[in-house]
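Just below sit the structures, each encoded as structure tokens.
Both of the next two complexes hold chain A, though its partner changes from chain B to chain C.
Presenting the complex of A and B:
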């Protein structure tokens, strides 16, 4: 049984790792490596040319900076909103709480594509196109995050909070010094997930920006290639640069992520 | 600390929105700014940049017009974005000019914000016959040229000349009968009888059938309303006029030789690896195919094979065009100046060299530089001669449910081959299926 599990796990991880490995390898390809038959797995002679060209042929550094700003800012605000909302939903009792919670969770059912045009109209009438706020605003409310955090917070007995409050501890202090540290695994997992989704978003940032200086890196990436040309090198170089920070974050944080995935969010 | 973070965030947000406000104000100078949305990336992106710079430094400077080219993602994304704006009540954010693909025609042609390019040309006294007729008609709807053809291409036959030479085949096939004969000779099998080299690979879709059906008897329409160029099509004509049966009969005969591979994707790769000797593909693939093949073998190109000797219609023009939009700024005459510049003989020459799209201005073809270029690159010459010899009235298909129709053709033809159905039955079934899509569309329009 153990052998079977190991085998299945190896197969799956190879499927996941292969595209990452290939894009890193392809970022060092020469032009002719892309057209060689049979296809190559490794570069014939590694070159940094693609990286040089990716920066030279587009404002990649600007695009990267925009993506980092929107993804960090978006993640930070999103986490703050989600944590506060989840805290309220799990520790406070007030009229209409459950209805409100169901309403928020119900938005998970709305496909984001269906909201695209309506959101665009809103952002435009608020004159927020070509701004960071415009890019991140629609991602700030994350019902999945609220849901998962609430389920996790519910596993913490409300007696802790009551005891803390009796000792004169405020809600903010309870939240920051006790609740968040014990929910670290979930918080970190959600934050990384958040960061990578905002960082990887393509259509929305494209829709709400017009100025090249406000473009995010996913949009910038498509500028580097031409569908009728096989000059994929600079694109792979840019892809490698994009996946590196997220890859590092995932590797560095794999322990908490593992914990949070193996913890059941079923609540009590 | 927390407060500090909040302040930093607020300041960041505020400066960004202020910057956006400032931008709109600086645009109200004496200079007219024209925005052009496009999807040209990579090589084509650089060519578009050069084009805009050239304009801004010459004609634009003279006439106080500055063009701002904005890359808006892939062709489909440009349409999504334009759609998002014209579906909202305020259309002031629309660009003055937008470059869209052939597939966008249905979405834009009846749009109230569209300014027909023909009207702009007429207002300027510009003689539109300078633009190649086939290209002009490719974007003509209800007798009006609604946009300016810009990145145009046609379909070609690519063949492995080395393989031809080895077998002493001197001329590329002219008709589908020739193709079947040549393909049979080129087919190679191993000891066990497994095919290791096919003569030809294709499963026809709308892209190929527009030509294979359209070219028959000089000119045949696939649907009523002239393939949708004079109104929304209500029924297909290929069954009653017999063009589909005629084509399918030839196609079935080709398949019967065992030298046709039913390949639906990566035909370029199959060709470049030598597994398939002949393919048909867009002229815009010329550079790609050449670089994929490298020095493995010599590539030959020839006119797209005719269905039979009577199919003299040639090929149609595909590709994208530039549309002018009304965004309330009344800049359309300035926008026209740029369109005129971009499609001038000289600029179309530069655009062709950089991208491989063929020039839409007739005078480009008589330029000495262009003649010299064709001599140095005879493959382009084949593509261009084929187009000049074609019936300009042979035009692409503008139909609703284009996606379903594309797959209806593909799966219908595959079924005929694998389930050994008769061409008559297949043609009839395709007629019924596609007509039902049209009927559905009509119903939706009425509601």
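Presenting the complex of A and C:
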């Protein structure tokens, strides 16, 4: 019975991982490898031609640069905004605190996809289309981050903060030298999550960029022009280049990824 | 202790960025969407005249919208059970110890590392009817992009591929929280695999399962990017979904009023699901 389970699980998991495997393998195919009969799973003679062409015949590096800039900038701003809000909601008492907190967190109920049209007209009237600010604008508010950080910060006794303030420590110093370091695990998890969300975003960057030079890699990848001509090699090469670093990171960090999900849910 | 005015303003200043973003990119567009759906709107996005529910009447009489609504609901109906069975199956099958089990687990969540547009492009090429690997491997001639049923099936496969990583991780984490002593005792007492699942694992992972189920329904109702990359709504609008049509009306036809009316329908649908989720979460039963 155990062996059967293991066998079924393995076959199943190979099917799931097949598209990734095939994409990497096909990035080394020659043009005729795609049409050879019987179908090929591995290249006949591995070639780097596709990688060369993926770079030479497209603006892949420009797209990648745009994505890295927007994802880094977006993550940094998003974390600062979230931490400040969560900090304030956990340690300050002020009029309307609970109402304002609910107001911010309730934006979770408004799916961003349904807000696309109206948000686009906002960005257009602010003349922010084709800018980095326009691309990251709608991702800067992360109600789930604010909620989770506040949950975490609340476990820290407010006496620490009071003692620190009496000693003449500023809010900024308290945050940077005490609160953030002791919340390191949560902050890093959320930052990684933010980065991958913004980096992988597709529809919004598609809408707010018209100039080719401003496209993010997720958008650019679908418009390289190779796959339309059934010229799959360079397309697979571009995809492989993009996903390999992330795949390596996921494989290397598979333990922390698995446990972070379970602790996140245990703490819910 | 009397507070200085500066420290009274301070908390408001600190939450101002978040608050401003909530107003500018959530509440204001939400209200604008509702308003636009009740007006005629110019190509530049200016509201012209109030028309009441006329846009909605036109919308519900519109064949394209009827197709979108029915496709979205059908997609949800096919996708949600398929995805739950696949993800729960993966979690149960790999809930073992040892190196092979770890390898299985890593393979199951690895699709998460591949972004949406990369994975959709991979599937698009793999499922190409003439030179794609899928038809070649199975020696079939399925017209994945020209046959209505095949295109819908492809969209379901795409949806599962996008969700399996995270959903697997969530369900697997829930399964691992089932105390292994209980599992051992049950096995010693002679419970078979099905009984262990039915009476021990199922009740304990129920909260996570409900969460996954509800987010699946919500995501299914909002599906648009895979449609945009894979099928562009075709063939014959058979995979045109609500958010995809909203995108078409708003950005391709410049019909903001119609687009806003569709967006409002989407709000209503997702609100219903989210309220149901909140309700179920509140009633959630804890076993520990």
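What we mean here is this: the second predicted complex is superposed on the first by the 198 of 268 C-alpha atoms of A that agree within 3 Å, B and C clash if a C-alpha of one lies under 4 Å from a C-alpha of the other, contacts with A are read in each partner's own complex, and residues count from 1 in each chain.
Following the convention adopted for this analysis, contacts are C-beta pairs under 8 Å (C-beta built on N, C-alpha and C of every residue); 3 or more make two chains touch, one makes a residue touch a chain.
It should be emphasised that the depicted structure is a prediction, and the values quoted were computed from it without experimental measurement.
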Looking at the overlay, does A:242 come into contact with chain B only (first), chain C only (second), both, or neither? second
Which partner chains sit in contact with A:257 here, chain B, chain C, both or neither? Use first/second/both/neither. second
For A:225 in the superposed arrangement: first (chain B), second (chain C), both or neither? first
After lining up the shared chain so the two structures overlap, which partner does A:73 touch, if you call chain B first and chain C second: first, second, both or neither? first
Could you look at A:185 and tell me whether it touches chain B, chain C, both or neither (first, second, both, neither)? neither
What is the contact status of A:32 with respect to chain B (first) and chain C (second): first, second, both, or neither? first
Considering only touches as defined above, state whether A:89 meets chain B (first), chain C (second), both or neither. second
Larger contact residue set on chain A - chain B or chain C: C
Does chain B (first) or chain C (second) touch A:211, or do both, or does neither? first
With both complexes overlaid on chain A, does A:130 touch chain B (first), chain C (second), both or neither? first
What residues on chain A does chain C touch that chain B touches too? 35, 37-38, 116-117, 120-121, 124-125, 202-203, 206-207, 219, 222, 227, 230
For chain A, which residues are in contact with chain B within the complex? 31-32, 35, 37-38, 57, 69, 73, 76-77, 116-117, 120-121, 124-125, 127-133, 202-203, 206-207, 210-212, 219, 222-231
Taking the touch rule as given, give the residues of chain C at its contact with chain A in the complex, in rising order. 8, 10-12, 14-15, 17-19, 21-22, 24-30, 32-33, 36, 45, 89-90, 93-94, 96, 100-126, 128, 130-131, 133, 136-137, 161, 164, 169-170, 172-174, 176-177, 193, 208, 218, 222, 224-225, 228-229, 243, 246-247, 250-251, 256, 259-260, 263-264, 266-267, 270-271, 274
Given the complex, residues on chain A that touch chain C span 1-2, 5-6, 8-10, 12-14, 16-17, 19-20, 22-23, 26, 34-35, 37-39, 41, 81-82, 84-85, 87-89, 92, 94, 97, 100, 103-104, 107, 109-111, 113-122, 124-125, 137-138, 140-141, 143, 146, 171, 196, 199-200, 202-203, 206-207, 218-219, 221-222, 227, 230, 232, 235-236, 239, 242-243, 246-247, 249-251, 254, 257-258, 261-262, 265-266
In the complex, chain B residues that touch chain A: 5, 9, 12-13, 16-17, 19-21, 23, 35, 40-46, 70-74, 77, 80-81, 83-85, 87-90, 93, 269, 272-273, 282, 284-285, 287-288, 291-294, 296, 355-356
